[in-house]
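The first chain written gets the first letter, and so on, giving A, B, C and D; residue counts start at 1 in each chain.
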Amino acid sequence: MQQRFIAEGHLIDSGILTNILNLIVEENEDYNILRFDIGKTNAEPSRLEIELICDTAERLSTVSKKLINLGCYEVGPPAAVWKRAEKDAWVPADFYSTTNHRTEVWNGSAWQAVVDQRMDAVVVREAGGLFCRKLRDIRAGDEILCGGEAVHVYPPQRDREGGAFAFMDNEVSSERSVESVVSQLAESFREIRNRGSKTIVVAGPVVIHTGGAAALAELIREGWVQGLLAGNALAVHDAESVFYGTSLGVDLKTGKPTHEGHKNHMRAINRINGHGGLRQAVESGDLGRGVMYETVQAEIPFCLAGSIRDDGPLPDTQMDLIKAQGEYAEIAKGADLVLMLSSMLHAIGTGNMLPSYVKTVCVDINPAVVTKLADRGSSQAIGVVSDVGLFLKALARELRG
Amino acid sequence: MQQRFIAEGHLIDSGILTNILNLIVEENEDYNILRFDIGKTNAEPSRLEIELICDTAERLSTVSKKLINLGCYEVGPPAAVWKRAEKDAWVPADFYSTTNHRTEVWNGSAWQAVVDQRMDAVVVREAGGLFCRKLRDIRAGDEILCGGEAVHVYPPQRDREGGAFAFMDNEVSSERSVESVVSQLAESFREIRNRGSKTIVVAGPVVIHTGGAAALAELIREGWVQGLLAGNALAVHDAESVFYGTSLGVDLKTGKPTHEGHKNHMRAINRINGHGGLRQAVESGDLGRGVMYETVQAEIPFCLAGSIRDDGPLPDTQMDLIKAQGEYAEIAKGADLVLMLSSMLHAIGTGNMLPSYVKTVCVDINPAVVTKLADRGSSQAIGVVSDVGLFLKALARELRG
Amino acid sequence: MQQRFIAEGHLIDSGILTNILNLIVEENEDYNILRFDIGKTNAEPSRLEIELICDTAERLSTVSKKLINLGCYEVGPPAAVWKRAEKDAWVPADFYSTTNHRTEVWNGSAWQAVVDQRMDAVVVREAGGLFCRKLRDIRAGDEILCGGEAVHVYPPQRDREGGAFAFMDNEVSSERSVESVVSQLAESFREIRNRGSKTIVVAGPVVIHTGGAAALAELIREGWVQGLLAGNALAVHDAESVFYGTSLGVDLKTGKPTHEGHKNHMRAINRINGHGGLRQAVESGDLGRGVMYETVQAEIPFCLAGSIRDDGPLPDTQMDLIKAQGEYAEIAKGADLVLMLSSMLHAIGTGNMLPSYVKTVCVDINPAVVTKLADRGSSQAIGVVSDVGLFLKALARELRG
Amino acid sequence: MQQRFIAEGHLIDSGILTNILNLIVEENEDYNILRFDIGKTNAEPSRLEIELICDTAERLSTVSKKLINLGCYEVGPPAAVWKRAEKDAWVPADFYSTTNHRTEVWNGSAWQAVVDQRMDAVVVREAGGLFCRKLRDIRAGDEILCGGEAVHVYPPQRDREGGAFAFMDNEVSSERSVESVVSQLAESFREIRNRGSKTIVVAGPVVIHTGGAAALAELIREGWVQGLLAGNALAVHDAESVFYGTSLGVDLKTGKPTHEGHKNHMRAINRINGHGGLRQAVESGDLGRGVMYETVQAEIPFCLAGSIRDDGPLPDTQMDLIKAQGEYAEIAKGADLVLMLSSMLHAIGTGNMLPSYVKTVCVDINPAVVTKLADRGSSQAIGVVSDVGLFLKALARELRG
């Protein structure tokens, strides 16, 4: 049995052609290349027409689905299969689970784009169009995309022209100078602010511990940041550092643990509790500088997502994680650049919500964090292994002029 | 101005005497040793009577508090200071923030033990006694312990007699043989099961990825474990491995990523959703082995705490983190041994709830995890840097024979 | 100006076509694809005929050299350029510096293979053929290959048929089960021993510290290993463990540091010194088991390369590093499999000497080691992030049964 | 049987008293504290008179040796035992193996200091005094110190007064701000230069890769550094970066790997070879800036120690490791501060040669490096986990201003 597929684009330099042929070979199936029009110059895309040959209809269906995920579409794609969910949060077993790449579905007459692209979602057909939706938000009766025969996926193609991040591969190494990353990142910040688009920062408390708070606060004050995603600890240690000059009890000036300093974060929480929350603490004048102060003053949206290890938490921390995921997604929506600073948990959480075409830079002193982020599907993330405090200072210096 | 203090116990070999004198010196204050009865033989405790000398009452009060946290008590301790909380979750600024060490408060006539000991809590006086309570659970009108003058703290003393874990220091190294740890740990498991006490396991999904699921399932089935603390991912990948033979899409037998395998965890969630939850999936016979199967069958309590990065989540995952912290604390209560397996987030979360006298062993391939756990206050944790899959297999083998 | 090139082989699935086109695009040069015969079935190789177009002869020469390194050869390749070295260890500035891939040079009438392939060497033409030689071994008057126009390089092609290691990608992760690696590795050991070929082990002292000595000794005794490359420390701590039961002073049974144990390695060195060396210590019966004992008994060649941090060293340690590199290369010569165990220094040193078609497996608890090995050119190395002591035991168990 | 010991100094806050009592308890022996004069004020040292009680003479001797290593001395110390070495590099089995702490030996009438203190050495008595000597340098007939009964060891005592480094504990954490370390380190550099003493730098090639070369070159040019200890790779990549703008083939300005860049280090070696060495390359004007240029110009001593993984090596690299260890020791002699930058191998090598009272700061992005350094006996080393390129720039900035 056989099935024809077409793939188009910069198939060669994006490695897609390689992936297609490898897939078929690894599946122990056969193929014929019917036609391959390679772009003869830099500017032209290539076009592959290939025939997949399998022994059984079942195998043909299995391998076809995989080819489709690589960006192939069937010639004369069949109409997409839509089935109803029988229960809330439960869909037919052959549901199509999304990637984070741009996706189109053949609606019988044309390729229709899916809205709200994100990974690990379900595609729902509604009056308004096709939407990525989380499994838990499915309601009985929703129309669910099944199989993968009528789906066209667009993995990010290698940018031939270069552009801001063309230079960066997503290799992870502690043996690189970060100077060039800092200057290219500053360039991106400027571009994005100039065209009125969004940069989002995801930050862990290590930003405070390593002395990067003033630099991050400056970025926010100067309008480089349009949203802040973090956890309870970032805000707690930020407040601790403003109130008591310590972070996790360590004096930020001397680097020396202070006696009773380990109680400072609880004192900070209590003090914010007294005000009723971070916003009120800022308005009362008690919290007069720092990352959260600037965030509140700049009126940029933020979400502090709760976790099992939180002390307090602050009144501002969202401990209902269903809601927290919703708020994160809302703030991240439409971002052109996401800068992730030393927080594996929140970085992976945010990465889960981002389409793969959003520029993502992840700074951490631990190379494993970036590897993990990529393993969890955010393979677009560019890793920078460095000291986050010094990195933020260098970035602020670069943006200053 | 001066104040007399007494400290008793194995002051020298526990390093307490050192800490006391260092503290005073670093505070730039003066002291006189009025009397020091050193235990003349191994068996006798020591007793230190020391006079702290400061210039001002304020300094005297400041340094006194610190001495008290080191285990000193004032001679003729003043009655404890109790103040009312004016608002919910807000206590007087000089509230006493607890450590995770055993604590007593002078009630005017005797030293009274505090119940539910944990770190970063507030001490509340009620009809039934003195209780550690989380700041967020304080209600207006509660009586709160303030200052630290009437508090006696007992840091864990070095065990002179040895005992199961006496041999282990809490050094963290990837350059040690784990054989002896495995056999001593098995010894502890046996002791604890024999006397009907509790061992709790905290586990991350790496247990599944590294092939340790069968071994952990065996431990549960054989009755070595009395509670399981984890997150959504452990159960998701456990179900994925049972249903599809993969973990995060990687075939557990061949170690090879399977095509479309990255969708398996979503398929697993959907399948559990269809049943309504893990327990129902077990009862229906669909989920017929693995870590969660054995947990359900053994009827041991478990809690899956939600997080910002969760897919799904499973119906069983507690996404209200206030409730999740409560359930964790309930399950951990009374444990004699806590074994933490490759999950920094849940390990720190659990560590926050444990008194310092609970034996805590933390196994991770990353040495930084154990360091971080100790930095967050769980300094009693013994770190084992190893491959968690191989470690669990070795432990199961040891317990078997 | 233009130049025609031909590339042949499994160009697509090996990613070579991608690399060729990317290179030209990144060099800002132009190309025409004159002909591209894609293998229409799995079995057929592909053939690319491409014309590189540059503005200047200089650019043409520059980019041509790069294409050649990717496996292209010029159509009608020019005779190779050979120049004489003017001084010892000094060659003409345009010398051809080798990769670790199989290499052929156009000798005017045919493609002639280069002997003793290794990276970072110079190609010398002598009566007997073409040889890779280290720069330092060049003598004034030697004929040196210059430029790269007449060179054909063969990067390892992806194995379509599978075979022992086909399954393993060279991803590095601490989140994988090592079971399948162990069984496949055992398979390779068996294959290699059956056909009378060579397996070489590179081992650091962590093998001893983590309790893997008995397992490695067993592998050697049972004939699985045909050469041992290590440093002074492996032998010192091996002897220390045999003589005193400790490794770096830590008791291997209890995991407890022993008093004065840190002196044991010096005592071990002194004791071996008294015999005159390891071989004599074995013959005298004093050193009666362990890794070095088995190595001596099995009469397999070994080299202990000296380093700046060596204590002692043992009489057997080669402190002249020029000689040590020579001995290493001699022992590694002809190996089909190299197993590297927890020694970044010796692993990179050995990797430098190996052609890229030698199977190389690197086991370390630190993921950075494997990354570094690949960064230094040994990109064929398969990384296994695990506890080396437990890993060796599992491997020995697998080979036993 | 019993033996009296005396220990003097700040026994309590240095933890020495704790260690003494723990030792005896762990040895399962008994003691009587005959007298303990605790320093009653900050300024006074303490004095312990203690009686060790054992069942046999053998046990008494064993435990006595251990007590002596903790800084105790026997009351009425016996004359030291001196025995002749029978062969070169072979000493009596009960030889005294040195620590890196300041050491005195009872010569019958007084405590005599040992010269050239270093760890893992043998004490030799000669006409000129008592010397630490490496085992390999012992000649038949040398008089060797045996046993430990007449030895007084002085572990570094905690500095009560503070001073430049008093603030730094040797904790290793990537979660600290390095600002305070930078400013304190700069302070130490100034102090040391002002009093005409020596600062030595140990540097790995990561200094070049991470863009720290200009800053290190500046430190050398401005006279802050009095000796440089490194390996072949530092000089190779330094020359590569000066000649070709790359380090390991990566463009230092753009962070992008350059085509053929991986050959640049071989080209750099060849170019230096043409000159005959680094000094000649500087004198010819070909090598006109960088770390090695400044080192040659400043006429400060340097040693490049060879290793098994070296390419080339450069003519300046010392491949005879016996000689390299000698040159290292000579350069390190008399240093007051040693700054170790991203080179575990050379850091441990240097640490082996340093007395424990030399200030040692080790900067590395990998926390395991500092842990390992301490495990190998250099427990005085202060670890800084940071990005070494950014760290050096911050240090140069601090010293400039």
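Convention: a residue touches a chain if its C-beta (ideal position, glycine included) is under 8 Å from a C-beta of that chain, and two chains touch if they have at least 3 such contacts.
Bear in mind that the values here come from a model prediction, so they are computed numbers and not experimental data.
Asker: Of the other chains, whose C-alpha centre is the longest way from the centre of subunit A?
Answerer: Centre of mass proxy via C-alpha means gives D as farthest from subunit A.
Asker: By the contact definition above, name the pair with the higher C-beta contact count: B-D or B-C.
Answerer: When B-C is set beside B-D, the one with more contacts is B-C.
Asker: Could you please state the distance in Å, as a whole number, between where the Cα atoms of subunit B are centred and where those of subunit D are centred?
Answerer: That gives a centre separation of 38 Å.
Asker: With chain centres taken as the means of their Cα atoms, state the distance from subunit A to subunit B in Å.
Answerer: The mean C-alpha positions of subunit A and subunit B differ by 33 Å.
Asker: Based only on mean CA positions, could you tell me how far subunit B sits from subunit C in angstrom?
Answerer: Result: the chain centres lie 45 Å from each other.
Asker: Any chance you could list the residues of subunit B touching two or more other chains?
Answerer: Correct list: 174-175, 248, 366, 368, 375.
Asker: Could you pull out which subunit A residues touch subunit B in their complex?
Answerer: Residues in contact with subunit B: 23, 26-27, 65-66, 69, 87, 89-91, 93, 95, 97, 120, 135-136, 231, 248, 259-260, 262-263, 265-267, 269-271, 273-274, 305-313, 315, 319-322, 324-325, 328, 345-346, 348-349, 352, 366, 368, 375-377.
Asker: Looking at the complex, which residues from subunit D come into contact with subunit A?
Answerer: 167-169, 174-181, 206, 209-211, 248, 250, 252-257, 365-366, 385-387, 389-391, 394
Asker: Which stretch or stretches of subunit D touch subunit B in the complex?
Answerer: The contact residues of subunit D facing subunit B are 12-15, 17-18, 21-22, 24-25, 30-33, 36, 38, 40-42, 158, 160, 172-175, 367-368, 371-372, 375.
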